[in-house]
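First chain A sits with chain B, and in the next complex the same chain sits with chain C.
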Partner chain A sequence: MTRLVVGPFNRVEGDLELTLDIEEGRVAEARVATTLYRGFEQILVGRPAHDALTIAPRICGICSVSQSLAAAAALREISGVMPPPNGELAANLVHAAENIADHLSHFYLFFMPDFARAEYAGKPWHAEIAARFKATEGTAAREMLPARARLLHIMGLLAGKWPHSLALQPGGVTRALDLGGKMRLLAILGDFRAFAEKSLFGAPLEDIAALETPAQLRAYAEKKADFPAFLRLAGDLSLDKLGRCALPLMSFGGYYGSEGPLFQAGVVDPAGAVKKMGRIGEQVAASYFADSAEDPFRAHTLPDMERIGAYSFAKAPRLDKNPAETGAVARQAVAGQKLVRALLQNSGGSHVLARVVARVVEIAQVTIAAESWARALNVRESFCETAPPLASGAAIGKVEAARGALGHWVSVERGHIRAYQIIAPTTWNFSPRDAAGVPGPLEQALVGVETGALGAKAAAIQHVVRSFDPCMVCTAH
Partner chain B sequence: MAALEQGGAGLFAELHNLGLDLLWHPSVSEATGAEVLKIFADIETGAQKLDILCVEGSILRGPNGTGQFNRLSGTTRTLLDLTRALAQHAETCVAVGSCAAFGGIPAGDPNPTDSCGLHYDGADPGGVLGAAWRSRSGLPVVNVAGCAPHPGWIVETLGALAAGDLKSSDLDGFGRPLFFAGHLAHHGCSRNEFYEFKASARTLSERGCLMEHLGCKATQAIGDCNQRAWNGGGSCTHAGFACISCTSPGFEDARDTHVTPKIGGIPVGLPLDMPKAWFMTLAALSKSATPARVRQNAEADRILVNPKRQK
Partner chain C sequence: MSATETFYDVIRRQGITRRNFSKFCSLTAASMGLGATGASQVAHALETNPRVPVIWMHGLECTCCSESFIRSAHPLVKDVVLSMISLDYDDTIMAAAGHQADAILQETRQKYKGKFILAVEGNPPLNEDGMFCIDGGRPFVEKLKEMAADAMAVIAWGSCASWGCVQAAKPNPTHAVPIDKVITDKPIIKVPGCPPIAEVMTGVITFVNTFGRLPELDRQGRPLMFYSQRIHDKCYRRPHFDAGQFVEEWDDENARKGFCLYKMGCKGPTTYNACSTVRWNDGVSFPIQSGHGCIGCSEDGFWDKGPFYERLSNIHQFGIEANADKIGIAATAAVVGAMAIHAGITAVGRLRANGKPHDTPPSAPQK
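After this line comes the complex of A and B, so read on.
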């Protein structure tokens, strides 16, 4: 057996380290660690409750809106304020802009450049992929980055700026759009649709959202655009057999409105069958933290670098004591998206292909939904209700970030934060082992991956890790 | 990551156009693992030239001065140690964001990780490099402050360095480039008429000035935020919430973001360099002269009274 320590692991957000035990050219055991701890939960305690909206988003430069919305959701429940319909629609639009921008960054800047690596030089598709996706040099970024920046003009309109806005409040969104603003919003979404249909999909968004079967996906893969190009190489490399993980898939549900959420909350088993949402707890057996209650409402976060057996600054979140996977694949599976359900069913669990397909298909779905939210804005009505002063109470703010289920467990006493616990999507996916020694989702997905003679440099390792689109700064916060 | 929004043809084209060759960035470069460690090693032996070292994020000194709260993954080395080492080889050192500049949010009370900036610990010179430190080019650490900093501040600072155009006289007392630090966030605020007449918003989403009641620090905070567009046309005050002075050291320890601290009904934090008595006199005067249009619109989330010529 050989032990490899892999790092610095880049093109992920934040600090990630893998320890891989290799036997006969395959990963026998994996340990996943985040090597950065900043102490946001400690910093939040004692501050006026509303200041959570200033501090929490700054956990992360790419999940900032999700962190805002989770904090706002918790404070909303404690205060009892109800945002007007415009407030919900505008928050959805801001959230959609961040999530789509993150999905684009992931696909174009983090994930695809690995297929441009010299390791694949012998593949018939390599020259085309390298020209398009080579890190910092490929032609795709010249189209994607301006399209992404234009999409983020939604932030300029509705949230002031991105990242780190205070526009997202418990009572709605602080900026009331006028008629011109609403038209600008529609124009931005129109520009984004044009980019997505031409460069990313090579097809109308509605066709992508309507994909239901793997056979339809294979037929669509013949088109000329970036997503089909990925699907073709995914077929060649059998990415549906890589990075398998057969764990429950969990979603907190996303994009709320008068007709319920766009994506339902819930849990499905690895084959896609619906399960009951279980009890959430965090364990610290393999984490650099002092013992603490598992229930996030009673837990605290105090570093303990001397802890025996610890190897990560991430805690180990568990759903009814078991690890669970979260992210676009879980969100789509829980929401009943047929293609993603079929991909899971065929394999008895998630894999690299399903994770990426779920994310990219979601770009089409959410863009279509965003257009309808923008049209539904009634610029003659209010966007924000004033929240009453916060007294005492406790609530969980749950949202779906780009990377999956994000929860803020907040307790407020006399208007101040008594306790604040955050469980981020990548804390679930890149969880270390728990008290029973059970590995987290990525730790399980890496087992069996072939490294061959390349060892830590094997692109397969890179694909599996990046297929989760980890955000390590959120993970240990 | 904020910088990704910069440039008409994208960040990579923009860097190229400004004469910048990106050696490595954790978010976008191909090189990973051992390849990256080789780049670091080559810089330390002098085999690889390092013109600009960009540092993002606070430097964590804890626990107990070990820096172990942030270890370079794949190694036993801390970021504290790596940053100090690379800084010695860099022609110029740039702190990108208020965290790397001053410590930022992680340094917020109780500062659990003993974090600070490269060249400042909050407002105090020092940080992990020490107050007397200067880079090979003779510059102090160039602090592109902000949480997050504007993409333009980052890329234009790097471009100016590449062009050999950024001198120590182009920096303010906190090492912040004057092309943005010479302005106040207040300059160009779309609420200027409300400010002039002290017609104030009472709650979030109202159109009036945010200074009197809602905690806005734009008259004290540096930044050309309201002169250059954020994300195509926004800014904090434009979107209806207070400037929290995120370009300033210590902003992380302010309490009650959306409440203006007052003594005897008078805001404590008045405009940066204006005599208090004058401000009070002018405020009283302008309040008494406020047109009904301005007064009514200040307390609404949309324009209720349109401008029109007096008959």
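After this line comes the complex of A and C, so read on.
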């Protein structure tokens, strides 16, 4: 057996280190370490409750809207304020812009460049992929970045600035759009649709959202655009057999509105059977933290660098004592998206292909939904209800960030934060081992991956890690 | 990549048109306040001076600075990123991984010894011997000191590197410190903000490439061209402040009329930044335009200056201007006195006496 340490990782958000035990050219065991800790859960305690809206988003510069919305959701439940429809629509639009932007960065800047590596030089698709996606040189980033920046004008219009927007409040958004603003919003979404349909999909968004079977996906893969190009190489490399993980898939549900959420909350197993949500708890057996209650409402987070057996600053979140996978693939599976369900069923678990397909298909779905939210804004009506002063109470602020289920467990006493615990999507996916020694989703997905002669440098390792689109600064916060 | 290559060589090789390059120069010159001949000055310098290599490192941070940077207004900025930074080293977007990435870092450091700019996003935590931020198996603080030793100058991106930011908020569990606490012998340009405005970031890098020296800094180490005015000075809602017209609640009638947000806790009158002129997301807007007050995220210590949502109910209508001016004058005095100070002599960081970390902080509420 050889033990390899892979890190620092590039093209992921934050710091990450893997320890791999290799036997006969395959990963026998994997340990994933989050190597960065700041202590937000300690910092937030004692502050005026609403200040969570300015401190908590700063956990992450990539998913800051998700963090804002989770904090706002918890405070909303504690205060009982009800945002007007415009407030919900505007928050959905801001959230959609961030999530789509994250999916784009992942696909174009983080995930695809690995297929331009020299080890694939013999593949028939290599020249095309390298020209388009090679890190910092490919032509694709030059088309995507301006389109992404243009999409993020939505942040300017509705939230003032991004990252770390301030406009998102428990009672809605502070920015009331006028008619001109609404027209600009629709124009921005129109421009984004044009980019997505031409460069990414090579097809109308509606066609992508309507993909239901693997056979339809194979037929679509013949088109000329970036997503079909990925599908072709995914077939050649059998990415549906790489990075398997057969854990429950969990989603907190996303984009709420008067007609319910666009993506519902829940838990399904890889075969698609619906399971109950279960109890969420965090364990610290392999984490650099002092012993603490598992229930996030009773837990505290205090570093303990001397802990025997600890190897990560991430805690180990568990759903009824078991690890669970979260992210676009879980969101789509729970929401019943037929193509993603079929891809999971065929393999008895999630895999690199399903994770990427779920994410890219979601770009189409959410863009279509965003257009309808923008049209539904009634600029003569209110955008924000003022929340009453906070007294005491406790609530969980749950949202779906781009990378999956994000929760803020908040207790307030006399208007001040008594306790604040955060479980981020990548804390779930890149969880270390728990008290029973059970590995987290990525640790399970890496087992069996062939590394061959390249060892830790094998692209397969990179594909599996990046297929989860990790956000390491959220993970340990 | 040759050391004598110019910025212009690199971007032309990447297929950027001359026209786009000229537009970039005019925009940058305008944002730096260079006047009528500025654009050609910038263009000439970028065509003839050797490119200044930039190494971009990440410490304890949230990557918001990178995220802001890659969305700068002019399309060419992405090529500024691609051609100037990632050719050297940036761990968010570069191609290499693992030890290969570390090797590139070391190689760049050797090759451009004493000639590169070290751009630092985030900051080092000192508790537990720096173990709260491990980068490539070593505490970030060690890597930072090592890289800084061979740098020509250092850019502190954002409020983390400049002041400490949220991870340094009470009780500062990891003892995160601004980089000038550990880098004491190099000029440091502080570009605060959480995050800083993209155009301010590209402006700073382009200035260094254009003039081969650091921009003029104020006494706190910030480039004067972007941080010499308060948000309040150029705020489009200023007439409402002067007229005593204030928003009382989010999205009330007064908010719809665009009244001043001072009573909602706006910190524009005490915050030095370019938000109200350069604005955000390609000049679309900035926090005050979104109906929310400024929280002063570019100011030292902003993270512990809450509550951010306490309404000011005791403003006397006729005393307002005096109040604001008092605030403004006090804050401006600190800056004006420092107008002429150049970067070279602003490396005033002090090494902590013996680097002894704080004890594990108490978990009790501080308020």
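What we mean here is this: the second predicted complex is superposed on the first by the 477 of 477 C-alpha atoms of A that agree within 3 Å, B and C clash if a C-alpha of one lies under 4 Å from a C-alpha of the other, contacts with A are read in each partner's own complex, and residues count from 1 in each chain.
Simple rule for what comes next: contacts are C-beta pairs under 8 Å (C-beta built on N, C-alpha and C of every residue); 3 or more make two chains touch, one makes a residue touch a chain.
Remember, predicted model here, so these are calculated numbers, not experimental data.
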Request  = Assess the superposed three-chain arrangement around chain A: do chain B and chain C clash, or do they fit?
outcome  = clash
Inquiry  = Per the contact definition in the header, classify A:164: touching chain B only (first), chain C only (second), both, or neither.
reply    = both
Request  = May I ask you to decide whether A:388 touches chain B, chain C, both, or neither, giving the answer as first, second, both or neither?
outcome  = neither
Request  = Mind working out whether A:134 is in touch with chain B, chain C, both or neither, as first, second, both or neither?
outcome  = both
Request  = Examine A:300 and indicate which partner it touches, taking first as chain B and second as chain C; both and neither are also allowed.
outcome  = second
Request  = Have a look at where A:16 lands relative to chain B and chain C in the superposition and call it first, second, both or neither.
outcome  = first
Common ground on chain A, meaning residues reached by chain C in one complex and by chain B in the other = 5-11, 13, 15, 17, 35-40, 42-43, 46-48, 50-51, 53-55, 58, 61-62, 109, 113, 116, 134-137, 141-142, 145-146, 148-150, 152-153, 155-167, 169, 171-176, 303, 305, 313, 382-384, 386, 456-457, 462
Query = If you look only at chain A, which of its residues touch chain C in the complex?
reply = 5-11, 13-15, 17, 35-40, 42-43, 45-48, 50-51, 53-55, 58-62, 64, 109, 113, 116, 134-137, 141-142, 145-146, 148-150, 152-153, 155-167, 169, 171-176, 300, 302-303, 305, 313, 382-384, 386, 416-418, 456-457, 462, 473
Key: Residues of chain C that touch chain A when the two form their complex   = 14, 58, 60-68, 70-71, 75, 78-79, 82, 86-87, 91-98, 100-102, 125, 128, 131-137, 165-167, 169-174, 176, 194-195, 249-251, 255-256, 275, 279-282, 284-293, 295, 297, 303, 306-310, 360-361, 363-367
Key: Residue ranges of chain A touching chain B (in the complex, touch as defined)   = 5-11, 13, 15-17, 33, 35-40, 42-43, 46-48, 50-51, 53-55, 58, 61-62, 105, 109-110, 113, 116-117, 134-137, 141-142, 144-146, 148-150, 152-167, 169, 171-176, 178, 188, 303, 305, 313, 379, 382-384, 386, 456-457, 462
Query = Can you name the residues of chain B that touch chain A in the complex?
reply = 1-2, 4-13, 22, 26-34, 36-37, 58, 60, 63, 68-75, 104-106, 108-113, 115, 147-148, 203-205, 229-242, 244, 246, 252, 255-258, 301-303
